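Given below, in the form of structure tokens, are the structures.
In the two assemblies presented below, subunit A is common to both, partnered first by subunit B and then by subunit C.
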Partner chain A sequence: MSLLNEFTKGIIKENPLFRLVLGTCPALAITTSVDNGLGMGAAFTAVLLGSNIVISAMRKIIPDSIRIPVYIVIIAAFVTMIDLLMHAFSPDLYKALGIFIPLIVVNCIIIGRAEAFANRNSVVPSIFDALGMGVGFTLALVLMCTFREVLGAGTFLGVRLFPETKAAIMMILPPGGFVTFGCILGFLNKLQAKNA
Partner chain B sequence: MLDITKLCIFLLVVSTVAAFGVGYVNSMTAPVIHKQAEQAKVNSFREVYPQGDEVKDETAKYLKKDSSPLLKEVNMAYKGGAPAGVIYTVEPKGFSGPITILAGFDIASRKLTAIKVLNQTETPGLGAKAKDPLFQDQYKGKGTETDLEVSKTPPTKDNQIQAITASTITSKAVTSGINAAREHFAGNFK
Partner chain C sequence: MQEYFIIIIGAVLINNIVLAQFLGICPFLGVSKKLSAAIGMGAAVTFVLVLAGLFTWLVQTFVLNPFNIGYLQTIAFILIIGALVQFVEMVIKKYSPGLYKALGIYLPLITTNCAVLGVAILNIQKDFDLGKTIVHSVSHALGFTLALILMAGIRERLESEDIPKCMQGVPIALVVASLMSTAFLGFSGLI
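== the complex of A and B ==
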């Protein structure tokens, strides 16, 4: 039950993007089409899973005073591997995500989970934490992507829903990212205020 | 003192293991990435000069010290063993950085076959439109005898290219690159 909790908390209660408001920079930048969101979410989840497993396994031997540099080395190694693998096996996605893959290194969700969770829990709960956070981040990205791609380009996953001339191109440009993010956050806050 | 040595050694060990991991993945993916880059190059050569059946890099043979600095590569397209077209890689300076462009020329008809903007960092929505077919297709079939000119109004002469609205610098940069290739082509392939 508690493992399931670790998994589900990342999806709604502690959703990294909408509840913890971490990782907003890539979220604003790449959420212009749904496949970008899925790709970024998958790459992010893979890195988080790897770093959470290694860091939680090593948590007893990592000296406390240098834990942050050790985390960064581990995270950077995973990001570089994912970067190379994507470049080799999924070049289109690699091109679309561009600079945001190497920037996963400094994505505060990953270092945040290392510090707040993997550092204090054993491997198995850390795996569930990483999967939950990964799925939560991916769902959040896809939600933003859906709004922006449908309204801004008139397509969903590349399938045309209505003619391009009727699309509001602003939605796939940077302002659309802020507008979408603000609206979703506002809506969720209202929902939460009602429940409390 | 002892403490800091211990910390250093720990960090060193972690970094070494991480480096080996990255190195292993790199050795696995490097050939695939290299092959893709080659394939992408061949495909874009096809786009600017579709007729050839084999393309060879002959930059060393044709680019001398006194050639225009905008010219980066010269590739010859062969058809049935005979040279049929020339594909130039030019790199003029645009509004916000170099623009890499391929330009294909047909030796028999002495015309530009097509151009393709490979890489650019121009302003999205303005200069970045240089890679749109609307702009690029203007160069198709242009003659190679005279320099091409950029015009802000719809072209009246055959050697005129209509500039991208509000992006004259980009339009001129692309055209200057094509002109450098044209001049080299006119001088070297008669």
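== the complex of A and C ==
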């Protein structure tokens, strides 16, 4: 039961992107198509899972005073692996995400989970925590991608919904990213105020 | 000369690091409530970004490339930036306590500022020589400072405006950023 809690808290209650407002850079930059969102979400989840497992397994060995540099090296190692794997197996996605794959290293969610969760819990809860946070982040990315791809390009997962001339291209340009994110956050605040 | 000019205009206005490339959004949203804090953060990022650009370029050219270990780029760069931030913090603390007090809280945050790592990687991807790397880093840092200061100016005024409750804080800041970003799109015709 509590393991299930660790999993579900990342999806709604502590959604890293919409509730904690962490990891905003990739969320604004790569959410121009649903494909990118799914790819980024998968890469992010893989890195978080790896770093959470290793850090929680080694939490008693890592000296407290240098824990942050140790976390960063562990995370960077996983990011390098994902970077090389994506380059080898899905070059198109690799090109589309570009610089934001190596930048997963400085994604505050991953180091945040290491410090707030993996550092204090054993391996199994950390796995569920990582999966929950990963799925939560991916769902949030996909939601933003859906708005931007449908409105900005007139397609969903590459399937055309309406002619390109009717699409508001602004939505897949940088301003569209900011305004979509702002409106979603505002709407969630409104929803929360109503429920409270 | 012309090449350098194009790099400067491109980095400050057209590919503005915050408004067009979405790097460094966290400090952009977090430290843009007060103008004075925005200027401090801008100065700290400029300082670290330029030093990091320089050192990562040197490491890439003289260590990673000759030994063919380019795949260690991410790990090497993040360690350089982390060490650099720590070093800068110690030096400033010893020689200029006034500046340390002003920048103090922002310095540790810069390690995880994706703008610093992002620009370091961009320098390498674009195959710049040393001169261009420095100009490119300085102009991106200036672009970051410009966006941060503009944003802080707007947010100080927003304080006294009547904004719907659910949009206060980060949501309205994002909408403002969107409008600023639209304005910056206009610069893309410059080159």
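Everything below uses one rule, namely that the second predicted complex is superposed on the first by the 196 of 196 C-alpha atoms of A that agree within 3 Å, B and C clash if a C-alpha of one lies under 4 Å from a C-alpha of the other, contacts with A are read in each partner's own complex, and residues count from 1 in each chain.
Keep this in mind: contacts are C-beta pairs under 8 Å (C-beta built on N, C-alpha and C of every residue); 3 or more make two chains touch, one makes a residue touch a chain.
Everything numeric in this text was worked out from a predicted model, so none of it was measured.
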Can A:V159 be said to touch subunit B (first), subunit C (second), both, or neither?
neither
Look at A:L84 in the shared chain and tell me whether it touches subunit B only, subunit C only, both, or neither; answer first, second, both or neither.
both
Scan A:S65 for contacts with subunit B and subunit C and give back first, second, both or neither.
first
Applying the document's definition of touch, where does A:I74 land relative to subunit B and subunit C: first, second, both, or neither?
first
Subunit B versus subunit C as contact partner of A:C183, first or second or both or neither:
second
Subunit C versus subunit B, contacts on subunit A by residue:
C
Return first, second, both or neither, reflecting whether A:A29 touches subunit B, subunit C, both chains, or no partner chain.
second
Can you list the residues of subunit A that touch subunit B in one structure and subunit C in the other?
69, 73, 76-77, 80, 84
Partner subunit C, residues of subunit A touching it in the complex:
21-22, 24-26, 28-29, 69, 72-73, 76-77, 79-80, 83-84, 99, 102-103, 105-108, 111, 170, 173-179, 181-183, 185-187, 189-190, 193
In the complex, the residues of subunit B that touch subunit A are 6-7, 10-11, 14-15, 18-19, 21-22, 25-26, 28-30, 32-33, 36
Note which residues of subunit C are touching subunit A in the complex, please.
19-26, 29, 71-75, 78-79, 82, 111-114, 117-118, 121-122, 125, 164-167, 170-175, 177-179, 181-182, 185
Enumerate the contact residues on subunit A facing subunit B in the complex.
61-63, 65-66, 69-70, 73-74, 76-77, 80-81, 84-85, 87-89, 91
